[in-house]
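First chain written, first letter: the chains are A, B and C, and each begins at residue 1.
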Amino acid sequence: MPSLSRRDFLKIAAAGACTAAVSSAAAPVLAKEVDPLEQFGMLYDATMCVGCNGCTNACRQWNNTSPEVVSGLYDAPKTLSVHTWTMIQLYQEGDTYSFVKRACMHCVDPACVSGCPVHALQKSDEGPVTYDPDRCIGCRYCMYTCPFHVPRFEWDAVLPVVAKCTLCVDRVKQGLGSACAERCPTGALIWGKRGELIAEAEGRIKANPERYVDHIYGKDDAGGTSILYLSSVPFEKLGLDNMGTEPIPALSERTGNVFIPSILIGGPLLLMATRAIAKREGWA
Amino acid sequence: MTQTSVRDALAARQVSRREFLKFCSTVAAALMLPSTAAGKIAMQLESPKRTPLIWLEFQDCAGNSEAFLRASRPTAAEIILDILSIDYQETIMAAAGYRAEEAKKKTIDAGGYLLVVEGSIPTGEDGAFCCIGGRSAVDILAEAAANAVAVIAIGSCAAFGGLPKASPNPTSAKSVMELVKDKPVLNLPGCPCNAVNLTATVVHFLTFGTLPEMDVQHRPLFAYGARIHDNCPRRGHFDASEFVLTWGDAGHRAGWCLYKMGCKGPVTFHNCPAVGYNDNTSWPIKAGHGCIGCSEDNFWDFGLYNTANLQKFAPPTAYAPVQPQVETIAPTNAALLGGLAGLAIGAAGAAAITQLSKKDQPVESSQVTSDDLK
Amino acid sequence: MNILAKKLKLEKPIPWTFYPLLLLTLLGVVLCIYRLAVGLGKTTNMNDAYPWGIWISVDLFLIPVAGAAFTMSLIAYFFGRKRYEAIIRPAVVAGFLGYGVVGVLLFLDIGRWHQFYNIFNPQYINVHSFLEEVSLCITLYTFILMLEVAPVFLEKFNLKVPVQFIENSIFFIAGVGVVLSLLHQSSLGSMFLLMRYKLNPLWWSPALPLMFLLQSVVTGLATTAVAINLIWRMRGLPIDRDLFRRIGQAMSLVLALYAALKLGDTMGSGDMELLMRFDSFSIIAWLEIFVGTLIPMAILFSRLVGHSMGPFWAGIFVLIGTLINRLVVSWIGLTEPSPTPYFPSWIEIMITVGLGAGAFLIYGVIVYYFNPLPDPKAAHS
């Protein structure tokens, strides 16, 4: 049987090395050059929210999404959907209650961006996580991996799109605030630079320690999110679970950076080594 | 204090029976009673008995008196004025001085009268801030309330302390219910109170002999049971978050919600949207200005253009709930998949056990290896 | 039926089992077209809470099953066990058909299939996405498998030159195939690394790529054992006992490795307590351990490894275990804040069954009408 010629060996090694170099030098997916503290964000103070759903309506009006009928009720969504990109939910236990705004958290290092095979979801420099339907293949991996269960799918369409809050990136680019924050009548939802919002939130906790749980959700959670939350009840009750401070994609990307070059380089080398040993030992 | 029947009083005023019955229906509606109550009201109002009434004014502007007297259907007010025997009312009574005080004393001694109080009562400096006829308001009130059947505190000042009680309350003004503890007190707050509500309360008392059902602040539920916000014609704009942002803007011209302009509708209990003022000609929100909460305690300290605290009250019962992350297997799935798994594993297991426990094929006949195929 | 065989000029009559398979396949194809025409909402029960359905679960299962191809290639070409060359072909054909079904199911599953080629666009490729990496690898690997499978057809039509070319470069082809397989079998597991907070901790682990890789080797061996046993019996060939036993032994070794890794990982991450809870998930985990690992190891570490049906049944149980594992990882073990459950629609099931029937049908045709085992003369150059 012909053994692997030196020519073939060199070909394989070169291919392996090139691929490894490309994969490890690949540009990071998120805009790491932009300081997350300078990016656009929002602060939602659940203690000030009254559940008026003004934000829900403002979002509908700006994005032209239509109200839907859910359980026979008109325009009373129970959860996010392809037509409802933000809405308010209520946590109530006995006399304790709190509202919570549901929408894309626009993570600093999003899982969806790391997982999307075609970069349809990207973390823009301004801060919002954007979606490009022209790239999207509808694989729904983003829906699968999002720890906040945000992206929704247009199941009823023949060629569906993924839908989620855009953080009004089109308004942000013009220097305007997001539609929902502009509409909020009580000031529970405000927009601004992420760093300034964190400072504001810290100030509120300091000034009213009995009013707030001593934690700004989104400051470091899951590596940090652009939408920050303040609450008077434990965040788990509001559906915002403890996810540690490491960004979700960190483990995945670390693994990839180790595994892929190892297999691409080590694989062929191991195979050739085994073949050589096998021949020598007479297993052939 | 004649015992003229209402029938005759009506005839004397050239009020037709039709107008009288219409009045009874209107009052029945204001009291939130079914239309059949109109008949009962008519029957009661036609009885010859006339109830005496004393109307006291203390730290007041007489706004409530004026409101009642300015009722656009003077005939109706006059009906009440005829049914009731108003024995003492400083603004309108003809008598003055000692004669007036005598009339009042006679009524008090006779007892069985309704006491209407307008204006707050200053308690500072031993009551010196308001003295009428040489006596402090505190004493006058105590004396008048002693023999009254019921006390009606009309207007926000009498009901809660009103303007005199506003910060810093230099005269230590108090409300009627803070001073009268042993008699039923009904509050009709408002600045001024709505004449329709006073009329309805009185008619209720005359018809049923009791004061209407009250809330914890002694306000009759038929008028103060719902918030302005609950019945506001602009509520749809609130729900759609369409707010007026400055006076005269497009939203204002379109009649949008005035919440951001300081409307206290969400925290004010009153029936203004239903009955309006001046024979339902208009009311503040209809006119384009937010409610100032004039029927609420301490409304002078709210801050006219501060936004109301929307969180005073519990959330609605049918709100979209937070759905906590759970990991469950739907029972149908569990049953179906469990069943399938059980079947598959069971079948495989049975077949495997049967085949593997059997003696294997003899080695000799299958000694052929793939090498032999070469 | 013989009439049809005669009309097609086939050397043997068509077995009756082919007809129901054909019917199912045609039904599946029709439903595929329907799904592409009307969209996922009308044809599947997938929803926002469960965006992936059984098609993905079946894909996750078929990929390690089709890993039979790379496992046998590794053993046959690189460990130099020439004797296994005899069964390379059935393994490779099984692999090729498996990946074929995977490809079709994937195409059906993505919503914007009209842009599917975007995953090949170098300007769009996300090198951090394991889904992208799996897609690219599978595409390339399918081409490799096509090359490896080609001789089966080329020989039938006596096209000797291409066959010779492939045979000569088999090490390169197989080598690329093994590397690609190692990549995507492990990346299949890496895909779930992003799911730390959404997957049941009994199944999530930072070592998922390694676990999936080992599972794929074991499952590939299991597929091979089952497939060659079936082929030998179908074609009435004598069973190569020694070969069969060695496959069983290889399976047992890798199973032991896998079991050790799984045990160490469960203990290390503090999940033993979850395993001992005996709630529904713990029971499923135990079921998977027993059926997928312990029972096969019991068979293969005993003298039953030499039994003519020993490795076959061990293989069956391993396959069931892998199926359970992949079902849990992609569907049942998912944490979702929604009461909307998911169960596949009849169309999803029928398409899966139809495509599976199609694969079986083609496999049957190949085994029956083509030579799934190498022509002894052509094997020697």
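Methods note: a residue touches a chain if its C-beta (ideal position, glycine included) is under 8 Å from a C-beta of that chain, and two chains touch if they have at least 3 such contacts.
Because the structure is a prediction, the values reported are computed rather than measured.
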Of A-B and A-C, the pair joined by more C-beta contact pairs is A-C
Can you tell me which chain lies farthest from chain C, using the average of the Cα atoms as each chain's centre?
B
Just to be sure I understand: the centre of a chain is the mean of its C-alpha atoms, right? Then which chain's centre is nearest the mean of all of them?
A
Chain centres from averaged Cα atoms put chain B and chain C apart, in whole Å, by 71
Separation of mean Cα positions, chain B and chain A [Å, integer]:
47
Per the centroid of Cα atoms for each chain, what is the distance between chain A and chain C, given in Å?
32
Numbers and ranges of chain A residues touching at least 2 other chains:
79, 149, 239, 241
Spell out, as numbers or ranges, the residues of chain B touching 2 or more other chains.
323-325
On chain C, where are the residues touching two or more other chains?
336-338
Residue set of chain B touching chain C in the complex reads 323-327, 329-330, 332-334, 336-337, 341, 344-345, 348, 351-352, 355-356, 360-361, 363, 365-371, 373-374
In the complex, go through chain A and note every residue touching chain C.
2-4, 8, 12, 16, 22-23, 26, 29, 79-81, 111, 114-119, 133-141, 143-145, 147, 149, 152-161, 239, 241, 243, 248-249, 251-253, 255-256, 259-260, 263-264, 267-268, 271, 274-275, 278-279, 283-284
Which of the residues in chain B end up touching chain A in this complex?
238-241, 243, 259-260, 307, 310-311, 314-316, 318-325
Residue set of chain A touching chain B in the complex reads 48, 50-55, 57-58, 76-79, 87-92, 97, 99-100, 149, 183, 185-186, 236-239, 241
Please name which positions on chain C make contact with chain A in the complex.
37-42, 46-49, 51-52, 74, 77-82, 109-116, 118-119, 121, 124-133, 135, 168, 171-172, 175-176, 178-179, 182-183, 186-187, 190-191, 193-198, 206, 209, 336-338
